[in-house]
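Heads up, the next two complexes both have chain A, just with different partners, chain B and then chain C.
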Partner chain A sequence: MSTHARNVLAVLAPSALLALLCGCGAEESFLPPVLPRSTPVELPPPHEVACETATPPTPETLIWKRADPLAADVALALSLEPDTMCLELGVLPCVEAEHVALGGSDPLGTGLYTPPARPGLTTPNAVDRLVLAACAERVDRDATGPAVVLTETDLAAASLDPDDATTRAAMEADARSLHRRLLARDPSSDELTLLIDLARPADGLTPTAREWATLTCFAIGTRTDNLFF
Partner chain B sequence: MTRSFSSSGRRSFLRGAAAAGTALALGPSFASRARADTVAPRLLFVIGASGGASIIDSFLPLPATQASGPSPNELIAYPDVALTQLPGSAFRVVKNLDNLGVGGSPLFRCTFEHSELVRAHGQDMLVATVQNTSVNHVVAQSRAMNGAGIDGGRTILEAAAMTHGEGMILPAVNLASGGYLEPGTHAAVPDWARAEIVNDPIRFAASTDGSRGLFPTGDRRMPRAGLLARARATREQLEDLSPLAMRTSPMRSRYLELRRTLQPRMEAADLIDSLMLVSSGFDLAAYGLSPSPAIEEMGLLDVFPHLLEDRFQAQTCLAYLLAREGLSAAIAWGPGFAPSFLADGTITDTPISFDFSHNDHVTTQNVMWARVASQVDALARLLKATPTSDGTLWDRSLVYVATDFGRDRTRPAGATGGFGTGHHLSNGNVFLSPLLRGNTVLGGVATDTALTDGWDPTTGARTPGRNDIREGHLYSIVASALGIDFPNRLDVRAAVR
Partner chain C sequence: MERDAPIPPDAPARCARLLAMALALSASATGTAYARPSAPSILCETYPDAPQCSGSLGTCATCHTSTWPPAWNPYGAALIGAVGEGTFEHALPTALRSLDDADSDADGVANADELLLGTNPGDADDAWPWCAPTAPSGALPVAEGFDFERALRRVAIVYCGRQPTYDELQTFRAGAPSPEVQYERLHATVELCLGSRAWRVTGLRRLVDARIRPIGAVGADSPVDIVIGDYEWDYRLFRYVMTDDRDVRDLLLADYHVTESADGTLSRVEGLVTRRDTTGQPLEPERRAGMITTSWFFSINTMFSALPRTTAAQAYRAWLGMDIARQEGIDPVAGEPRDVDHRGVTEAQCAACHSTLDPLSYAFASFEGIRGPRTGAYDASRPSRLIPGWSAPDTYLLGEQVTDVRAWAERAVTTEAFARNLALMLFRDALGREPTPSELAELRVVWRALERDGWSANRMVHRIVDTRAFGGAS
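Entry: the complex of A and B
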């Protein structure tokens, strides 16, 4: 080991030891400065509160699919354009209006160079808005023009009867298609049943075919399976 | 340096931190909870005056007639004609040079007079000098928020949220920029006390609801509300079947917790209406939405005449609404990199805020201080006009004008403008609160260097030629006034009522 390397280690080791003992970061997690060889290494005072109360964080095993990738994925899955599939007040793309809530950064606007580490308090709302608008748009296009995604179900129907074999087969085909497009896998039979049951009357409300299709798409597209990987 | 190692304070903080940890472990930490005490929550407002708001160009100027030393005409000092001191006021302030007609800029304009802030709120205003510890913007901004680590890395927003924001829907909200946005590093801060970052104050209301206002009312694309609730319930069942359910993921757990507990609270509270700043230009009613009732009730369009064009005004307005609705206990905001352009061609801010002082010190400081003072004044007036059961919101509010650092103290000999300045550690900060010792200047400016002298934290006595006040003192001033306890809190009784 070179002299230089040993000196660098001499500088780094106490800090690493402090971090291990403390289990928490100092005020700023910058690397320690490279000091001249003659400079004595002084450990900063430990932040006793943090050390006494902090427990080691649970390791994160998932990655957050943030603003632009999420919008791009949803748009691709539903054959829509990411900038127009969800518009706030009919003009501003949701992915732009709720960019930080969806996990994006904002380097040029607010100097937010590093995006939020974790979902914010309004993230679930922003996700729901983005996906709901996209699903509603897809269903509307499939109902009024050549169907691209929901090709099997009669979207003009006032209601859907899941107990009718032909209707159910069409619904399952479309639900399966949505599942594959949004989550890249087939639904299990339990998952499929839950989605089909969304068409049943409940609480005095009977969904139309369009509503069932939109809500099925929404329930799949806002699952955490579509937000984390 | 006097430190207050209060054992009772230490114990209470540890209890709070332990309770926060327990709440996290148990899950529904975002659910509505009653406060453990009956004390009305105190409110913290932090304006991040990014770029280096120099106190000697605003509320602690050096009069040119007092400048001394070997090169007095090279110190940044203002002629008497550019200064105002109201009778009985501790503050001598720089006038708005644009209004005065002796300076200013044809490009950047804010006509607010600093003295108006003193006239209206001087009795609750404190200026405290400081010697900062960094001239790197992001580092200095971060230290302005966390007291350079005096509270174990917790930011003052997080500390205020932990102390006063428990049970609120959005305990801490941060609309500021750069280092003022950085979350703290204290591991014991619970998730709910971390600030929600908001980059767009005008459209923030939309992100408080998962569906309302997405489509015009009656639009065929929008499912009925009751059905949407059913789809959400189905989604919950699907989550249990998710392949991810077997993975340990704090992030997914947090997301599900937010969606299950906070989203319903947010939607039930109709925040999309109460925080809606859009009041013209869009047919909100067609989307089933309405502007915040406070806009009319409080005359907010008179207070913030350029609400939709001026980002700083929109931020201040949202900050007020968050406090008024009891949604937040700690809110930060401030001018960012990009100036606001008004329809009449006015540019309200200098680019990159106070840091444009590199190009034109006098204009930048004068325009941007006027901007900051105007927003502090607007907020304070609104808070004073908002009644509570025992007074007004102002009675329990504190405004901390945070900034990165000061600017160089020298100018080309005799220059009155057109010169730039670099970063300097010497500075001071402005605070406003009835909880602080008002009409008070702690410290001063040395006439031979234009650097700030310090002050004794317990007696308030000026310390000529020396400034031992650091970011931790500023943090402790805010913490002391708001009843925020932590082990290393400094005794700054000279600043607190």
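Entry: the complex of A and C
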């Protein structure tokens, strides 16, 4: 497997996790006959629960970060406006258009009063769409105007050389900044190396600086620890 | 089947199910056996500490796989065999106790243990081997191993609508804080977030959507200009009561409505809200009962019904947490159902639910359904106008007779079901799932503290944040 392919897999793994978690439930109802109301009776003392030493089952420990907080976090992290960072057809905010797929409800529109219990089949696509659009928007703004988030890397460069100390330091600074902004923590050295390696040629293609910046932002923004809490 | 085929591990349970099916078929053929709607309340009298009986009533599914035609799970089948002489109601407690140490569904957990842990003793797939955790032993009301940073992140996302920033986390960690300091910082954040717009507007709306059940097409902003009511009154009232440490009993007792200014400030409105269209609140304050007497509540639930069973069922479901359509909260009243509107509800397959539902509904019949500007108004003559031979039968809620909807609400807020429902509502919202059996015991402490906490929803949120489920303690 090529380096590039491995990197893409690493980027998409959280989305795959979302897809695997999707499912649905079923309900039953009954219609019994009637009998008179019961009367209180004398009862023996209650039974004591026998306390076993068995390890209890582990409940679901992760919570799905749904539409509104996800959009708010991405927007805040990238200093963008939630309503404009990702637009469907250039008009409708993605977080509204994909609200149910992202885990929100739709009480006034479709009468969906309760949000989906689990991520659906299209949830990974909607998450990728939202984060990728926001990252692309941030990179565009930083490349063409005063940089706000990606302040160190030369975004006009046709490619980035991770083995050049100056270039690498700039890339690490921006990757660390994205990590802090999107995940509220510093990256480990392994995580940082993986992100820097996204700039290396793979399968005969060398990403531009803007492509590297967008992919780095996307990789961090779709990490499991940004989609669950 | 091959002669040497191994016996499947679930063979005993399967045999019991076959027995139950045979019993059901036999009973149906002779017409002598029924599901017993009085059984859930007897079970709860026998096991008052069972989770399904704490702030709720037992469900038929404890014994039944179907109540019409009746069919039993292995536990129900075993009970049939254990019921001795005398009436079913008097024999059942002894029969229940006689099966305490048995394991009817062969899942490795005794029947009584399952009932007291909150799993089904008749369902082998429903077991939760677990022991009650010891209470927090330190000065803090959180368990050992409570993850304060995880709790902080959850508080921020659920109640502030966003995760904490890198800098905010650094501040939280500043000075290598002790658990006591972290606890203080965590709860300061809870308090801050409960005052945020993300919670007071967005979060609380999301919390009550399924209880208000708005329909955009016929609301005040109807795109087709067909307005049957304005549910924004309902949303505002809910948001008002659930914030600023107000008394949550006003969810069912408020005799006022609430308006919102441009800056988001919510204020009480006393008296009638009279309008020429259908967006007002024509019900007199003395007859109001908070969320269950708004104009929208009657328009969407009563609609054109003479006897508004849906209205009562929704009040029971939304605010006491018991869904009659799911065989929850069955508490039959003797002599019911009377079938006052000749709907055939005395038929056996209808009567078990309607013996609870109909007496729950009578008091709601005096409130107008969809009727223009009069929607939700009180009219004592409405039932007799719509139901020939109306005799004003008594209304009952959870075993007590109530005189009217206001009394219905006053009775409702005194029940443990009301507090339980509120705690479950907030728990599900925070964690996105139902509590497990091991978490339910801790959650019970939360809802039983509601009165001590001044009936404040905010205080209840603080307590939920302290739970093992929220803080990630094992």
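What we mean here is this: the second predicted complex is superposed on the first by the 171 of 229 C-alpha atoms of A that agree within 3 Å, B and C clash if a C-alpha of one lies under 4 Å from a C-alpha of the other, contacts with A are read in each partner's own complex, and residues count from 1 in each chain.
Criterion: a residue touches a chain if its C-beta (ideal position, glycine included) is under 8 Å from a C-beta of that chain, and two chains touch if they have at least 3 such contacts.
This is a predicted model, so every value here is computed, not measured.
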Ask   = In the superposed arrangement, does A:72 touch chain B (first), chain C (second), both or neither?
value = second
Request  = Give one of first, second, both or neither to describe whether A:180 is in contact with chain B, with chain C, with both, or with none.
outcome  = second
Request  = Quick one: classify A:108 as touching chain B (first), chain C (second), both or neither.
outcome  = both
Query = When the two structures are laid over each other on chain A, which of chain B and chain C touches more residues of chain A?
reply = B
Request  = Tell me which partner A:124 touches in the superposition: chain B (first), chain C (second), both or neither.
outcome  = first
Message = Let me test your reading of the model: by the given contact rule, A:100 touches which partner, first (chain B), second (chain C), both or neither?
response = first
Task = State whether A:140 touches chain B only (first), chain C only (second), both chains, or neither.
result = first
Query = For A:61, is the partner it touches chain B (first), chain C (second), both, or none of the two (neither)?
reply = both
Task = Considering only the touch criterion stated at the top, classify A:222 as touching first (chain B), second (chain C), both, or neither.
result = first
Remark   = Both partners, chain B and chain C, contact chain A at residues 27-29, 47, 49-50, 52-54, 57, 59-61, 64, 108-109, 111, 117
Request  = Over in the complex, which chain A residues touch chain C? Could you list them?
outcome  = 27-41, 43-44, 46-47, 49-54, 56-57, 59-61, 63-65, 68-69, 72-73, 76, 105, 107-109, 111, 113-115, 117, 180-181, 184-185, 229
Note = Interface with chain B, chain A side, in the complex: residues 23-29, 47-50, 52-55, 57-62, 64, 86, 88-92, 97-101, 106, 108-112, 116-126, 128-129, 132-133, 136-137, 139-140, 188, 190-191, 194-195, 197-198, 202-203, 205, 207, 210-211, 214-216, 218-220, 222-225, 227-228
Ask   = So in the complex, which bits of chain C are touching chain A?
value = 34-38, 41-42, 45-49, 60-61, 64, 66-68, 70, 88-90, 93, 97, 100, 110, 112-113, 116-117, 128-132, 150, 153-154, 157, 161-166, 168-169, 198, 202, 206, 209-210, 213-216, 219, 325-327, 331-334, 336-337, 348-355, 399, 431-433, 436, 438-439, 469, 472
Contact set on chain B toward chain A in their complex = 10, 13-14, 17-18, 21, 30, 50, 138-139, 142, 146, 148-149, 151-153, 169-170, 175-179, 181, 183, 185-188, 191, 196-200, 203-204, 206-211, 213-216, 220-224, 226-228, 230-232, 234-235, 237-239, 241-244, 247-252, 254-256, 258-259, 262-263, 266-267, 278, 282, 284, 287, 336-338, 486-487
